[in-house]
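Down below is the structure, laid out as structure tokens.
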Amino acid sequence: MIGVTSMQEMTQEVIRLTLSDKTASIEEILGDSIDVQRRDFMFCGNPDYPGCCYSIDGLADAAVIDAALKALVVSGTELVDEPALLATAEEILSCLMFNAAVRACSTLAAGIERILSGDTLVLIEGVEQTLLISSKGWKDRSVEEPASENNTRGPRDGFTESIRTNTALVRRRIKDPMLRMEGMVIGTRSKTDVNIAYIQDLVKVGLVDEVKQRLSRIKIDAILESGYIEEMIEDAPFSPFNTLQSTERPDKVASALLEGRVAIFTDNTPVVLIAPTYFWQFIQAPDDYYNRYWVGTFFRMVRYIAFLISLTLPSIYVMLVSFHHEMIPTSLALTIASGREVVPFPVLLEAVLMELAFELMREAGLRMPKPIGQAVSIVGSLIIGQAAVQAGLVSPFMVIVIAITGISSFAIPSYSSSLALRIFRFPLLIASGTLGLLGFSGMFFILLLHALSIRSFGEPYLAPVSPFQQEAQRDMIVRMPMWMLDARPDFAQDTKRMGEHQKPQVPKEQKP
Amino acid sequence: MRKIQITNGMFVAMVVNLIFAKAIGVTQGVLARSIGQDMWVATLLGTLQGAAMMYIAYLAIRRTPHLNYIELGDLLLGKWFGKLIALLIFVFYLAAFGPVMITFVYHLKDYFLPEAPYWLFTSSALIIGSIGCFYGLEVMARIALIGSLFIFLLNTLIIIGSMKEFDIRNLLPLLEHGFPLTAAASLHFDADWALAIMLAALILPFVNGAAAYGRKLSVVSILASGMVIVIWAILEGAVLSAEVTSQYTISCMKLARNAHIGNFLQRYEMIMIALYSFSILFEVMFCIYGTSVSISKIFGLKSHKVMIAPVCIVLGLFGTWVVRDHFRAITYLENDWPRIALPIAFSLPLLMLGLRMLMRKKLNQAVQSQHGES
Amino acid sequence: MKRWLCLFISFIPLLLLTTSCYGLQQINELAIVTAVGLDVGKAPGSVKLSVQIIRPADARGQTGAPAGGTGQPIYSVSAEGDSIFDAIRNLGHFTSRRVYWAHNFLIVMHESYARRGIADMIDFFTRNHELRMNTWVAVTPDAPDEVISTITGLEVVPGQAVDRLFRNIQIVGLAPASDMRSLEEAFLSPSVQPVLAELKLVKRGISNKKPEEHGSIKQVELAGAAAFNKDKMVGWLSSIETKGAMYFLQKLKSGIEVVSCPQSKDQIVTLELKDIRLKVTPSYANQVPSFDIRMKLQADVVENDCGAPITEIREATERTLKEKLALHIEKAVARAQHYHSDFLKLADVFRNKFPVEWQTLGTDWNAVFVQAETTVEVEATIESTVLKAAKQEVK
């Protein structure tokens, strides 16, 4: 037995150690975990060449190990007379093994990392390198519709927690050889696989290098979810705005790649990041493109209105009722006044309380176990709405305002950005409740200044509105018909996307 | 460090935003007091004069489109001349802050928040403006684009709301006081274009198409602003009548108060003010920018951002002093401000143009050596 | 250290938000005024102000919440003071909430107050930022505080009822639609004089409890006009003169005239006037202006008591109609000249066409205008008999 040296030294070299030394060092590093499996065998059935394979129970697929052992032991016995002939790992795997994914490995460090990723490590006496057999076979969630991004028409598959399944889902949609996937490992203890996907002749120049540079800057012990990565590489860490888009839908990722963007896949999470992003993308839904353009345009406008309402309606209401009563049409003013006659709170306080109550209900509905969740949230909102009004704690108008605001904020397709909106609603509310019109317009101006100053991986955040890009307006407020959307965003390398004269024409013979 | 890029559209938007806020209300009141219902004729005449001056301002830096006036002054007559130009620009923007504050404070305070104190308005405007200045010129230019969209909406709203009471007879007879008086009154308007000319003096180097499209750009920007403002002049004359317009400090608010859509939306001037506040806040931002840039050039500092805070204090004190007393404010607006603005704004481009032409040789040498270096 | 400094600087703007909310007033802390009455006070030169304040809970009814209603939709009070502003402050002595003008529908002035001069009223209501510019203004020979607290028509709130009366003016056409904006415009104009509508209390309502007593309930009636010279009222206009004046001032949607039949003076035919257009052309001779007034309209026969088919009496009726309308206009002009008050906007028409002459004549227009000659010409055609056929045998 060799003396105890640092793990670094041990794992760096594997040559010159005998089998027993190697196994001893492996077992010292891996320790006594009960799920570490060790299987000894005789290479080609020859007792002079003992071998050993390590794998993790639960991560490795037993059938693959069986096949490997069958190759090494049974086929070896039948086919190979002299095991010494197969002296290197390369020869063994090319001549003897019939697993689909096998390779040779020269350092113990890599070997142990791969064991912990689900591969099987095979050590044979007298062979300098080790064999690594790819045997990943753990229980995975099946591909199902993403819970938070629904649509009425379109594909219903969503990403799962396995990174290879996710990249495969995107590959199925883009069968272009120019689609490249680059891999990185981030996290010193979690060693999470991160893949960067892009289409080489479309992607924005310099973007991939920027992304890789930012990812390699991350020094952290574990990446548990893509949110960790997002917070470490984003452009505006102090801003509530999302500068990276996150999605669980493969079709969104595919269309982003086709626009010249970059997608970042992270192992163990179905959420994929897309960079760069514009603010207006958070109000667009894939539905807009799969339905016809009338439907798409109409619902997109509804969503824009919903966005404006969810941001400003409570502030406007509070401002009007507290400061500028002359702006309310008279009959409405009388209705509001009559509703507020018995309420003990000033409007600002009432609004803040109701907002908090709404947020509370929303959060409670989310955390509640599924069976009771639905019932309690419905009952809760009814109770708070109706009973509070009847008790004279809030005015009925305020309940309506808050309810409309809440519903509008749910109409925004991207859940994470609707959170940003919710955060912005509060300073706007407080400013308009304390300073009236001055506060409202001032705070709105500051928010707009802030939004205009953000860049997402070099692209201005509020493009194509400001700076104004003419061609991109076809897909902003309205969705022009598919035969008119013939350009990519101008940061992509190749902006021409469609052929000429794509508008469908009825053939002359068929015209009435 | 990315070079600041301002597109042509952004430049036009900045000019429109800078002029719009003050010209539609305060200046119209002044014009109505001078020449009655011919305010719109005076506006048009003023527009033409402004376009001519802007063109001269562009001509002065045609050879050196990457230098603003201060740097051009440096090049032509040495550093102290450049500092003198910077001082002139500083004085100009400091004086301009007075009318800007008059517009801002009287719009919001007299009509919406009468009990709030003056310092609240001045300080909130300065805080917002300095945030914009910190973010830099590009962000200011982008918000000017959004501001011009809002101006368009604002004009649509006021037209819709006032059409019912539009009476063309109020605008007749045309040129009742004769052409010379009308032309004299348009000088009040020139004080507004002076702001735009000073903007060009500082900003033209940053505009993308300054070299190629400078001629068109300068004229188009003023004409666009003129078109947008003359709508208000016509509406105020026709709907309110000139006598009513002349009674008020802020005549655009009087027009906006009259506007109503049907019987339901009885008063919606608040929506209009919310849209209009972008333009006026942009003016405040730009005054802060102009003063901080010029004063940092005087002290020889590299970045103007350091001077933003001290400049805000100075502007705040001056602005509050002007608006506290309504009488003092009107006197300043009608007498002192044109006397400061017009000489500086008219003479500076002419001066630079003249110097450039006289010292052509020296300029060519300097330009060539710069080209040789880069 | 830099971080602390940045944090400190970023907190300062937040302090602004904690300032004590200047001007904040909850909407249920306001006394919303819907009608105002102005009268001369007891002391000479003083003003008596009466306001009608609305009780939202009673005007709007239950919304499912306890509302604290008392059953009375309005609350009317009055106060006196040296000026209008003073009287309003005196109101504050006993109204428990701050009086709020922004939803005011109506300003009613007593005749004596109007004759004394309304310059202070115009100045107050246009200098104040709260009042709406389309508030209706009227003069009444009755007590204003009674006028504003009489519940009229179907409305719960009297101010709103009068507001609706005014809005129907284009059809009823018996009083000018005088709002604050047109009053200010006419008052400030060097040439044109204001004219205001007239409100009266008449006994027209029938009580549900005592139907046999006709007219036991008073209603507010909008009919007639009051002419002004600068800011002082000079007199009333009768209903015929008001009708004539209305053609000058507004574009009416329809008017109605009752004309006697050609063959018998006792029987009448009623015509509804449509598409009424009036054009005034000024001309100038020997330092005296003259006006040529042309009116063009179409008429529908809406009630025929003549006993003869309309085709027979058509031409004669047209002639009678023309004479009647010309008479109305002439009476209106005569009344304006009698009062030395050009409320028909003839000055504007003259000024637009002869601006140079206006420079000299305009200084004393009221005197010059009295001597002006007017010729009236009416073109009226009966074009429709509504549902009944326009044929020989049909009556």
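A, B and C are the chain letters, set down in written order, and residue numbers restart from 1 in every chain.
Throughout what follows, a residue touches a chain if its C-beta (ideal position, glycine included) is under 8 Å from a C-beta of that chain, and two chains touch if they have at least 3 such contacts.
All values derive from a computational prediction rather than experimental measurement.
Across A-C and B-C, it is A-C that has more C-beta pairs touching.
Centrality by C-alpha centroid: the chain sitting nearest the overall protein C-alpha mean is B. With chains reduced to the mean position of their C-alpha atoms, the one farthest from subunit C is A. Centre-to-centre separation of subunit A and subunit B, using mean CA positions: 47 Å. Rounded to whole angstrom units, the spacing between the C-alpha centres of subunit A and subunit C is 66. Separating the CA-averaged centres of subunit B and subunit C is a span of 42 Å. Subunit B has residues 112-113, 116, 120, 124, 266-267 in contact with two or more other chains.
Counting only residues that touch two or more partner chains, subunit A has 323, 326, 330, 435-436, 439.
Across the assembly, subunit C contributes residues 16, 19, 22-23, 102, 132 that each touch 2 or more other chains.
Those residues of subunit C that touch subunit A in the shared complex are 16-19, 21-28, 30, 32, 54, 56-57, 59-61, 63-68, 100, 102-103, 105, 130, 132, 160. On subunit A, the positions that touch subunit C within their shared complex are 321-323, 325-326, 328, 330, 333-343, 346-347, 389-390, 392, 395-396, 430-431, 433-436, 439.
By the touch criterion stated above, subunit B contacts subunit C in their complex at residues 110-117, 120, 123-124, 127, 165, 169-170, 172-173, 176, 240-241, 243-244, 247, 257-258, 260, 263, 266-267. Residues of subunit B that touch subunit A in their complex: 7, 9-10, 108, 112-113, 116, 120-121, 124-125, 128, 131-132, 135-136, 139, 142-143, 145-146, 264-270, 273-274, 277-278, 281. Partner subunit B is touched in their complex by these residues of subunit A: 320, 323-324, 326-327, 329-330, 435-442, 444-446, 448-450, 452-453, 460, 462, 465-468.
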